[in-house]
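Several structures are given next for inspection.
You will see chain A twice below: alongside chain B first, and alongside chain C after that.
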Partner chain A sequence: MSDDVQKLLQERVERITTTIKIEEPDRVPITSMFETWAGHYSGYSVTDVAFNYDKLAESFYKVAEEFEVDTLPPPLGVRCGPIYTTLGTKEFSFFNKDGVPHASIQHMEGKDIMSVEEYPELIKDPYKFIIEKQLPRRYKALDQAPDKKAEALGKACFIYEKYIANAVGKLCGTLETKYGIPALFKSSTEMPLDALMDYFRGFRGVSVDIRRNKEQVIEACEALYPVMLRRAVQNLPSGPFPFIFIPLHIPTYLKPKDFETFYYPTFKRMIEDLISFDLTPALFMEGNWEPYYDYINELPKKKVVGLIEHGDFKKTKDNIGKTITIWGGMPIDVINNSTKEEAIDYAKKLIDDLAPGGGYIFGCDKSLLAPNDANPENLKAVFKFVKEYGVYK
Partner chain B sequence: MSVKYQHITEALAQLEEEALVQALKDAVEAGPSAEEAQDIVNACTMGMERVGDLFEEGEYFVGDLIYAADILKGGMELLAPCIGAGGVSKIGKLVIGSAPGDLHDIGKNIFIAMMEAAGFEVHDLGIDVAPDKFVEKVKEVQPDIVGISGLLTLSLDTMGDVINALKQAGLRDGVKVMIGGNPVSEAVQKRVGADAHSTNAATGVKQCKEWVVA
Partner chain C sequence: MIIKLPALESELFDTWEKHIEANPELKNSPIEAKEEFERSVDEYYAMIMLISTM
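Right, the complex of A and B next:
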């Protein structure tokens, strides 16, 4: 690494670590969830980047070069294509039946993964239930005789190791050493109730279970807790940055009273436990979180980052800005459907509302996936503006 | 509406499943006339309308809508024997599908359940519906409203493809077009040339009712 790159990397890490302590760094840090859009920007389809790690890396280097953000997410959202085809996923889809790539990777809710009668089994031994029931119902190659299943798992492990080494390790390493851009996340997990919804019972299932099978939902979250915690903290270098990526899925579909009963207990414990390992949870706060701000304020102060999608940002800063670092806020709707000047005006207001005192990371409200998710010229103009206007004096 | 079935409306509005099931069972056992059966259905419609209002007031959340749709579905099954071959009266027709390229349908299904509860005849084309499929169905059933649903941002472009196909087939002026889903906005509505947009099922249903009443 050249001295210049080393210095740049240092500055960026410093900028972010200061920000998340809710103190003022030299300027507002910038990052966004660049995912399959990065590939489209280089002329590559989702299949290109999910199955060819060189094309994936090339796309991310181009983003690094042209957008000059302070940190980039590892391309986990692009996903490892070969592992899903090898295992015969029933949920993730990269291309249609004619082999034509989708404009973004699609996830369809798994069907009939776990019936309501199976709660006791899940609660008794979640790991056993996952291995013996849940995975075979989600992946065709794991729903076979033991020898075939072992062969499929072996293949998948081999693919996964290669993926991690190339698509994550080598790519993030190069972003650091060549571009001075640190990785945004070092691991990820989900909250237990989200995991129960996403991988076991589905949205409809959980929505009715919290009324008809209340105790079992609570017990299932408790049972899944150690599994989900372990997923986040295994073999990690310590330190508050890079963050632990945690997308939050169901909360804003629950009324606050239900959130408190079913989601909050394991949500809060997960955050506290991650912090006790000296890790920073970065929460994807999808939807409108205003009704739940009181719960956010119960979390340990200055230890959590939250990507905000909706809401009145002035109010967000006033309400939870002393507790968590706020990230995001720039609507891709504005990036795409406004003039450059209008987009910059919007960004200016975000900085005015959210940056004072630190604790703000500038970025888009949503992940960048499909080809038209961001008008590149407007996005560049907005980032350039934030670099100038977001300087702390 | 008939006061006689007000407790049915109330049970559904309060999401009290046991009370609703009991009330419907009692009503069915009493052997209602065709007119009374229609009143019971109307009581359910009003209950669902209350659920929609409570959602808009911020009292209920999407999970509550899903649960409401679920208990109503069970309720309608109980009522099925009382509803004659002619069925219940409909207030309008909807043709709906997920936008071309989009494989998601959870939001669409919530919207459909609420539209059916509101008295619409719904023709659901499923997921990833090609523009010509929309055109074909619109020609066949001549709906009042066409709904295009999308979760992913990619659907914001393909919603426009559907609307253009309707235009080319000379069908656009005969229908109202609503786009729905998390990523839609007023700007998108204008860009693709829809008549309305909605990011949640409840306000979407309200708009559709206004259209057919007007």
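Right, the complex of A and C next:
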């Protein structure tokens, strides 16, 4: 790494670490959730970037070169195509039956992954349930005789090693050493109730279960807790940056009382445990979290980042801006459906409202997936503006 | 500091102790053998988590 790149990297890391202490750095840091959109921007399809790690890397390097970002997420949102096709996923699809790539990765909620009668089995030994029941119901290649299943898992291990080394390790390493851009995340996980919904019972199943099987839902969240904590932290270096990415899916579909009963206990414990390891949870707060701001204010101060998707951002800053760092705010609708000047005006208001006192990371409100998710020229203009206007004086 | 958690309490989560119980001839293995075994358990767990919770 050259001295100039080293200096750039240090400046960016310091900018972000100062921001998350809710102090004013030299300027507002900039980043967004670049996912398969990065490939489209380089002229590559979803299939290209999910299956060819060179094309994936090339796409992210182009973003690093052309957009004024301080950090970039590892390309986990692009997903490891070969592992899904080799195992015969029943849920994820990268291309249609004729091999034509989709505009973005398609996901159908899994069917019959876990019945309500199987709660005791999941609660007793969640890891065993995953290996013996959940995986065979999600992947055709794991629903075979033991010898065939072992062969499929062996192939998956090889694919996984190559994916981590190349698609994640090599790409993120080059972003650091060539462009001075640190990775935004070093790991990810989900909160137990989200995991129960996403990978076991589905949205409909969990919605019914919290009415009819209250105790089992609570016990399942407790049982999944160590599994999901381990997923987040095992073998990680401690330190506040890069962050631990945690998308929050179900909370805003819950009544505040149900949130408190079913979600909040393991949610708060996960955040406190991550902080105890000197890690920074970065929560993707999907939906409108305004009814839950009191819960957010019970979290440890100045230790958490929240990517806010909806709401009145001035109100967000006033209500939870002393507790967590606010990230996001720039609607991709505005990036796409406004003139450059209108988009810049919107960004200016965000900086005026959210930047004072620190604790604000500029970025789009949603992940960038499909080709039309962001007009690149407007996005570049907005990032360039924020880099200049977001300087603390 | 590298974060290490205790083994998961599960019938199927492998540990060095279970491995030695099944293969007592390995009980005097050098520490490197134990460390590499545990590394492989962690890698396998990470792969299982990738396919089960993504």
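FYI, the second predicted complex is superposed on the first by the 393 of 393 C-alpha atoms of A that agree within 3 Å, B and C clash if a C-alpha of one lies under 4 Å from a C-alpha of the other, contacts with A are read in each partner's own complex, and residues count from 1 in each chain.
In this section, contacts are C-beta pairs under 8 Å (C-beta built on N, C-alpha and C of every residue); 3 or more make two chains touch, one makes a residue touch a chain.
This one's a predicted model, so the numbers in the text were calculated from it and none came from an experiment.
Peer 1: Chain A superposed: clash or fit between chain B and chain C?
Peer 2: fit
Peer 1: Kindly classify A:I250 by the partners it touches after superposition: chain B alone (first), chain C alone (second), both, or neither?
Peer 2: first
Peer 1: Based on the superposed arrangement, let me know which partner A:I130 touches: chain B (first), chain C (second), both, or neither?
Peer 2: second
Peer 1: Going by the contact rule set out at the top, does A:E109 touch chain B (first), chain C (second), both, or neither?
Peer 2: Only chain B is touched by A:E109; chain C is not.
Peer 1: Is A:M330 in contact with chain B, with chain C, with both, or with neither (first, second, both, neither)?
Peer 2: Touch partners of A:M330: none, neither chain B nor chain C.
Peer 1: Quick one: is A:R231 in contact with chain B, with chain C, with both, or with neither? Answer first, second, both or neither.
Peer 2: Second partner only.
Peer 1: Roughly what angle, nearest 10 degrees, sits at the C-alpha centre of chain A between those of chain B and chain C?
Peer 2: Here the answer is 120 degrees.
Peer 1: Is A:I271 touching anything from chain B or chain C once the two structures are fitted on A? First, second, both or neither.
Peer 2: Once the two structures are laid over each other on A, A:I271 reaches no partner at all.
Peer 1: Quick check on the superposed pair: does A:L379 touch chain B, chain C, both, or neither? Answer first, second, both or neither.
Peer 2: In the superposed model, A:L379 contacts neither chain B nor chain C.
Peer 1: For A:L354, decide between first (touching chain B), second (touching chain C), both and neither.
Peer 2: neither
Peer 1: Just to confirm the geometry: in the superposition, how small does the C-alpha gap between chain B and chain C get, in angstrom?
Peer 2: Least C-alpha distance: 17 Å.
Peer 1: Common interface residues of chain A with chain B and chain C?
Peer 2: On chain A, the chain B and chain C contacts do not overlap at all.
Peer 1: Could you pull out which chain C residues touch chain A in their complex?
Peer 2: Listed in rising order, the residues are 1-5, 8-13, 42-54.
Peer 1: Tell me, which parts of chain A touch chain C in their complex?
Peer 2: 76, 79-80, 83, 87, 125-128, 130-132, 134-135, 138-139, 156-157, 160-161, 164, 189-190, 195, 198-199, 226-231, 233-238, 277-278
Peer 1: Can you check the complex and tell me which residues of chain A touch chain B?
Peer 2: 93, 96, 102-104, 106, 108-109, 203-204, 206-208, 210-212, 250, 252-255, 258, 291, 332-333, 336-338, 366, 369-373
Peer 1: Quick check: in the complex, which residue numbers of chain B touch chain A?
Peer 2: That would be residues 15, 17, 58-64, 66-67, 70, 101-104, 106, 128, 152-154, 156-157, 183, 185, 187-188, 191 of chain B.
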